[in-house]
Structure formats: structure tokens, C-alpha cells
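Following this line, the structures themselves.
Presented sequentially are two complexes of subunit A, the first with subunit B as partner and the second with subunit C.
Take a look at the complex of A and B:
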């Protein structure tokens, strides 16, 4: 199992190097000798409040990846309804029960970037940010 | 990358992934599309996802490229290709995702972990995977039983907790009854045939007691006799029927509270203000435009400053029955002795409370801060004192 896991992760790394998604500045294993801990750097999308910002993500890959989703957390503080302000935990369906092996680390990071511009106020992890989003939406 | 694109986006069958619009856009981006394109695809998929799937289900077999003719095969699960992996290739659905049989079986097993009967579908085209397996009746039966047990756990838990609370309430109600009515009479009532009124009201006793102490719920308590009063008990007698006495209590309590407020409210508030001017400032705020509003503010003040401690309030309410018996009197009827004792106790408690407030205010008025030079000598070392 570990063998196929390593092969898949190396292929994912090569794919990112060959054709990186815009707004995803970095996606690599954090240390040379441990392929199960990755880091990613996400850039804020243009025309959103996150424009100009950079956020570091830590990706912990379980042994049974890609059968189980990777555990992704924000290391940089971010104010967003679906992201826990202190722990950086992300509430996103594809990182939980909507996961399938068709997703990759890169596509999961892109899904997180899309979550930044399309918050989901119905399942908040940060209630203050959520209340502000709702309030702002009501104003519009 | 190049090996991935023919598999996913190169085929004519690519279409919406209803998991989420973002997933499609994520996969399109892997094939090198620009952001604008991605967004367009994602949006149009979100809008027309349903209809596309509907159309896709009519895909004719002839349009599918045979498995053997796909040049660079790549497993969508382990990303293994023909030259670096072994295993039987399968194409389980109508879209372009192909994989190793072993990988797919692992994924199906992983998905069915909790619920064995769940249909596993292709994440891209949502075709349910079809398996050829030896069907065993015992396995199916056991799986159904297992799944039922698994899914019923939350309901059983809620049910258990509810029963636990109800039983506690029953016990408390029985205890309150025995204390107030006396052991002999109470025992007779508890042994005797149980009417629906008994079954309904006994567990409600703790709720009644707590409600009667919470100011905002107090007014609803006036209606509570509906639950236990029978029409034929409405007779005037001396001593009154115990149920009638009980029914009078909420009204008596209401009248008493109004009276207490009229007589002592102003005093209590002024004493409270002297002790805690800041707490009063935050509540009083505008200090009411008219007399009515000011009165309400004052009452809020008493309620909120003094009774905001709900733990104390609930414990106090539940301890009420056991304090009923403290007061001894010569009334022969145990029930009425308890009730009158309880009422006297409440009046006594309020009096003590008022005294405490008065003493606190008085103490506050008498307080002065000593200047350091007044007591500095007391702290000086003995030797240095002349």
C-alpha cells in the first residue's frame, strides 16, 4: 500500500511542478524525508477581501490516502466563516465525506481557494465572521 | 499532466460532477484551462448539471472507446500507468475514468465501511458500479441488521437520556409529594390507582417549581392549574380541597410579588444602587421616559442584578419542598401545614433578603478609605517606635 501511496504522491508533485494552478504558489512536501506532510501556499483571489494575502496550509496525508482525504489546515490566521480562527480547521465537504480518490492535493487546495471567495454561511466554524457575512449579504 | 488530460477531459463524455462545481473546475484546471474557462465551466455545470446528466445517461455504447484501444491508461485511484503498475484494468462506468480492479474494490470497501448496502458511484459520472459477486443470503441479512443497529444508535441514545430525565422527574415529584402531604397520605396516593392527571403532573412538579422562580415564566404559571384541577373540586370549603389550594398558589404568588414590589421595590432598588452603582448604570441606561417604563426598569433591576444566578435559582426552587416542614404549627392537616409553612418561609426569606440589602447599603455608606498616614505607624517596626 505504501508503495502505491508514494507513487501517487510523487506523480501529484510532478504534475503540480509541470502545470501549477494559478493562485497556488507552492505545493511540496515540507521535509525531504517525509512525504506524508506537505505544505501549500495559497494566494488570495483578486477582487476578494483576500487579494494580496498569502496563506500557508499544512497537509497531513493519512496512510490510506487516496482512500481517505488529506487533513488540511490553515497555518496562517484567516478570517472566514468556514475556517476555525484559532486551529485553522477547514469545513469543506470534499475534505470530509464527499472525498473520492479522483481528488488530488492540488484540486483540494483549489477547492479551498474557491471556498475563500464563496463562503458557505450555513455551516460556520467561525461564528463572528459568519454573522458579518450574513449582515453584509443582507445589506446588499 | 499530458497523460492525465486525455483520460479526463480529452474524451467526449466529460460532464458535470454534482459533488460540487469546484471539483469539475479543479479537474479542468489540471488539464491546463485558464481561470476564466474554469469559472465558466463551473458555472454552466452548476446551472445545467441535472440536464447534462440526464442526457449523458443516453450515451450509446458505440461512442465509448474500447478499453484495449486507450493508449495511455491511467488508474484514477492510484495514478498507476501501464508501465509502472500491474493489475487488471476495468472500465466500470460510461465516462473516461478507468482504473485497476483491485484499486476500485478497495475504494468500494472503504466507502461501504459504515453502511454495507450503500451504492458506490463513479465520482465523475455518478454511474453506480456493478459488481459480480456470490450473493449470500446470510451476508445480506447480517448486513441489514448491522446497518440498522448502526443507524439507530443516536435515536436510542436520545431515548435513553429522555427516559433518564423523566424517571428523575418522577422520583423528584414523588419525593415532593411525600414531603408536602406526609408519609402516610403520600404513600396512599402513590400506591393507589394512577389517573392520567397524576402521571402527567407528578414529573412536572420540578418544572413547576423552577418556572415559578423564573420571572419571565412566572405569568404562565397562572395557567398551570388547568393541568391538574378538576371541575368538581371547585367547591368552597374549610379547609379547601388540596388541589384548590395548589391552584390558588400561582395567583397568590403573583399577587405577593406585585405587592412586594409596590411596597419595597423602590427601597430595594435604591439600596442596590448604593452598593453597585455600576451594575445599575449598565441596566438603567436611559432611565425611562415615563413612569411606566421606569417601573419596568426597576423591576428588571431587581430581577437581573439579584436573580441572574440561575444555578442558585434552580437549586433553591428544588429545595423548596424539603424546607416546607421546617415550620411547625398546630394545623392538623399535614398538607396545609406544609403549604402555610412554605409561604411563611418565603416571606421570611424575603425579609432576610431585604435586611441583607439594607445592611449592605448601610455598610457601604459608612465606608471610608483611610489615608496612609493614619495607620502608617501601625506597620512600623517596633524597635523604631519612640
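Take a look at the complex of A and C:
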């Protein structure tokens, strides 16, 4: 008898393989023997500065998932106001207090990809990139 | 003659239980079983004393308790009735006495109800011991202990939950599903934390039940297949014999040396026709098997949180249906909103989605494989 968490993750994996979101190149457990650590590869959205780039994410899944959000970090360096340049930590409400168990690993990755093209200057983790964004916005 | 249960006895039972719990945590199940057994013994002894006391409170003058099959027989005085109780039957574990007493108007039958035999504490000792037996895979012991626990406390969630699991292992699947459904009902009322585990056990029991009926079906089908193949082969033999018998013996012997082409052709044709029938029959059976194979469960039967088939569907004001246990866990751990619509919502706003429940049950009846989807 597999536990609820494992069953849900297996279904998420099947769901991704059956119907993968565009720009989400990969979403799979990193190692065969540990279903709680996944990796994902994001492709930059077209017509944005991120087009053509690929970013690797590491997803750590807590034991009480989906009652708690997954912990997702950028493994590839990225310059973005809501992403910590060194640690890869992401500031995104749905990964924090706005999480809902109806979200999936796939939908969380899609939210991150959308964050790339729609930065949230009000909750910066990368102050320099944030200052640049604000400055650029002011110029416009 | 009745004695008070000594406070020591009640205390001793609790001490044994605490020790048993410690052994259980250390996974020393045999030692834990010994402690729980001692706890049960102390507690039952204490109960027996307080029991005779209560009867004594009605000034029972003389009690002879003798086990007589399942009943205890006693003769007692019930002073307020001024009647002589001739016969008192006390089912070993139940809520009531039946006694017959003599009055001026003749013999009377009366039922007395007592709370004495309902005792959640002793039920816990039994379920704790049952859990040890479950870990040791001694399922018969689990069943015996849980049945006792349920008698002492019919509302024991653990009693029904463990009993259901043991029944599942013993492949008494109908009883397993029944017990686990009771456990689920009680657990919802008692608001226990392991509701999800109960649902999982229920799914497991349902799956076993399905597998069982599948095996029976398989056996029935392979018996039928064997029988039909036998019929075809008998018919083949009959036709072959007919061709061979149609020839005179001399020719039959002669044909061994000089091949009679028409006869050989006829025999070949008969063999070929029957081989074709056999392979067609096998194909039909194989196709029937394929139809039974795994398919997809419709998305609308799946819980949006666990992605499992829903057992107890509840609907939110947004019209979205979830598994009750998982949605309540979400309310407790994350917040009072609908996980999908994000509209405010709490357990008081939920309604059971009965139509969906019926649809799912109907679907599972026809597609038992799906319970573990």
C-alpha cells in the first residue's frame, strides 16, 4: 500500500508526461529512489529577454505536500527582481502563503515561468535587479 | 460479599498500558502484548468487582456466578420489588440483564439496563494489543481483540479500523469493507486525524474484494474455455473417425502405402476447420480479457487534492467537489478557502454530493480496478 503522497506524485508525473505544458521542458524526480526531490527545466518565454534560455529548477517536496507548498529554487543563475541571485530562492506568493493543495508541481512551474515575464517589484529578493526594473519603469 | 475494586487495580492497568505503549514505540511488540494483556486482566478484574457492587447496590443478597456457555447465571434478591429473582442472565458483554422474578402475580420477566459493560478504557487496551498483533501479522488475534474492543465500546474508531484491516488480510473482504465504512463514519464524527489512512485502508479492502471476484471470474472463464475446446476436439475426432470408418479395411490398410489423395485432403480439411475454430475461440476470450483491462478513471471522479477516486464527496459553495477528509485537512492546515476557486469556505459550508457518490459507487462496481487508481 503506497501512501497518499507517493500516489499523488506518481499521478502528477503521469499527468505531465501525458500533457506537458509548453516551455516546461522537463519535470521529473531527480533520482529513481527518491520521489521527494524533483528537477524541472524551464525555457524562457518568447519575445522576452529570457527567450532561448534554459533554467534548471530543483523542487524539494515536504512530507505534508500538498498541504504545504513545494520548495522550488533556481539552480541556474538568473537575474530577476524576485529571485535571489545567489541562492536561487523564489519570491512568489503561491509558493508561500497563497499556496493551495489544488496546485500541482506543474502549475507551480508555470507560475514561475510567468513570473519571469511579469516581475513583482513590490517583493524583491534581488535588490539590484529590482532597482533597475523600477528605474526602467520610471523612464517609460 | 461484594468488594470494591481497589484503586490500585485501576491504576495498575494504566501503568501496564503506559509500559505497553513504550514497548510499542520501541517496536518490541511481543513485550507490548504482554503489558496490554496484564492491563486487560487488571481492568477486567476491577470491572468485575464494581459490577457485582452495582448489582449489590440493589442489595443482591447472594450471587452465584457460574459461566454457563455464554451466560452467567445468578440468583438474587431485588428488594424494592420484594420479589425473589429466580433467574438472571447476564450475557458476558452486554448492556442489560434479563431477570425473572416472582411476585404475588406470578413470574415476571424484566430487563435491567446497566452501563457497566461499556468501558472505552478497556476497549483501548484491546485495540492497542490488536495493533501489536497487526504489526506481527497475527490477524486472527487482531480480529478476536477488535471484536471484544467493539463490544466494550461500539464507537471505537480504532476497533473497526483495525478489524477492517485484519479482515482485508484474511480476504474476508465484504466484512472488511463493512467495518472500514463504519470506522470512517465514526471517524468523521470523532474528528480523528488519521481519516486519510482509513480511506486508504478502505480503498485497499475494495481493491482486494475486486481482485477476489476477478480471480473467480478468471477461473470460471478458463473452465468454460477448457470445456468449449474439449467440445471442438471431440467433434474433430468424430469427423475424422467417420472419414476413416467410411473406407473398407483393406483400403484403409492399403492407403498406408499408397496415399489416397482425396481422403488425406478430407482429413486435412477437417483438421484445418477445427484448428480455426479453436483459434477463433481463444481470440474471443482474449478480447473479453482485454476489455477488462485497465482504463482511465474519469477526471470528475477524482479528488482535486489527493487525485484519488473520491469516497465521501462534499461540495463547496463554488460547486467544486472534494474528498471530505482532505478538504478538512486543507481547512485546518492552510486556510478557510476553496482550494480551486479561492473563495472563502469552511467545513460548515459543505454539503455531501450524494449523486456523485452514487455515480462513483456504480462505476467502481463495474470497474473495481479503479479503486486503487
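In this text, the second predicted complex is superposed on the first by the 138 of 140 C-alpha atoms of A that agree within 3 Å, B and C clash if a C-alpha of one lies under 4 Å from a C-alpha of the other, contacts with A are read in each partner's own complex, and residues count from 1 in each chain.
Keep this in mind: contacts are C-beta pairs under 8 Å (C-beta built on N, C-alpha and C of every residue); 3 or more make two chains touch, one makes a residue touch a chain.
What you are looking at is a predicted structure, and each value in this text was computed from that prediction instead of being measured.
**Student:** Taking the superposition on A as described, I'd like to know which of subunit B and subunit C A:75 touches: first, second, both or neither.
**Tutor:** In the superposed model, A:75 contacts neither subunit B nor subunit C.
**Student:** Counting only touches as set out at the top, which of subunit B and subunit C does A:22 meet: first, second, both, neither?
**Tutor:** So A:22 only meets subunit B here.
**Student:** First (subunit B), second (subunit C), both or neither: which does A:37 touch?
**Tutor:** In the superposition, A:37 contacts neither subunit B nor subunit C.
**Student:** Just to be sure I read the superposition right, which of the two partners does A:8 touch: subunit B = first, subunit C = second, or both, or neither?
**Tutor:** both
**Student:** Touching A:106, do we find subunit B (first), subunit C (second), both, or neither?
**Tutor:** first
**Student:** Determine, for the superposed model, which of the two partners subunit B and subunit C contacts more residues of subunit A.
**Tutor:** Result: the larger residue contact count on subunit A belongs to B.
**Student:** With the touch criterion stated at the top, can you tell me which subunit A residues are shared between the subunit B interface and the subunit C interface?
**Tutor:** In subunit A, residues 4, 7-8, 11-12, 64, 66-68, 100-102 are touched by subunit B and also by subunit C.
**Student:** In their shared complex, at which residues does subunit B touch subunit A?
**Tutor:** Going by the criterion above, the answer is residues 1, 4, 19-20, 22-23, 25-27, 29-30, 32, 35, 76-80, 84-85, 97, 103, 106-107, 110, 123-124.
**Student:** Sort out for me which residues of subunit A touch subunit B in the complex.
**Tutor:** For this pair, the touching residues of subunit A are 4, 7-8, 11-12, 15, 18-19, 21-22, 64, 66-68, 93-94, 98, 100-104, 106-108, 110-111, 114-115.
**Student:** For subunit A, which residues count as touching subunit C in their complex?
**Tutor:** Those residues of subunit A that touch subunit C are 1, 3-4, 7-8, 11-12, 64, 66-68, 99-102.
**Student:** Provide the residue numbers of subunit C that touch subunit A in the complex, in ascending order.
**Tutor:** Those residues of subunit C that touch subunit A are 196, 200-201, 204, 304-308, 326, 329-330, 333-334, 337, 339-340, 342.
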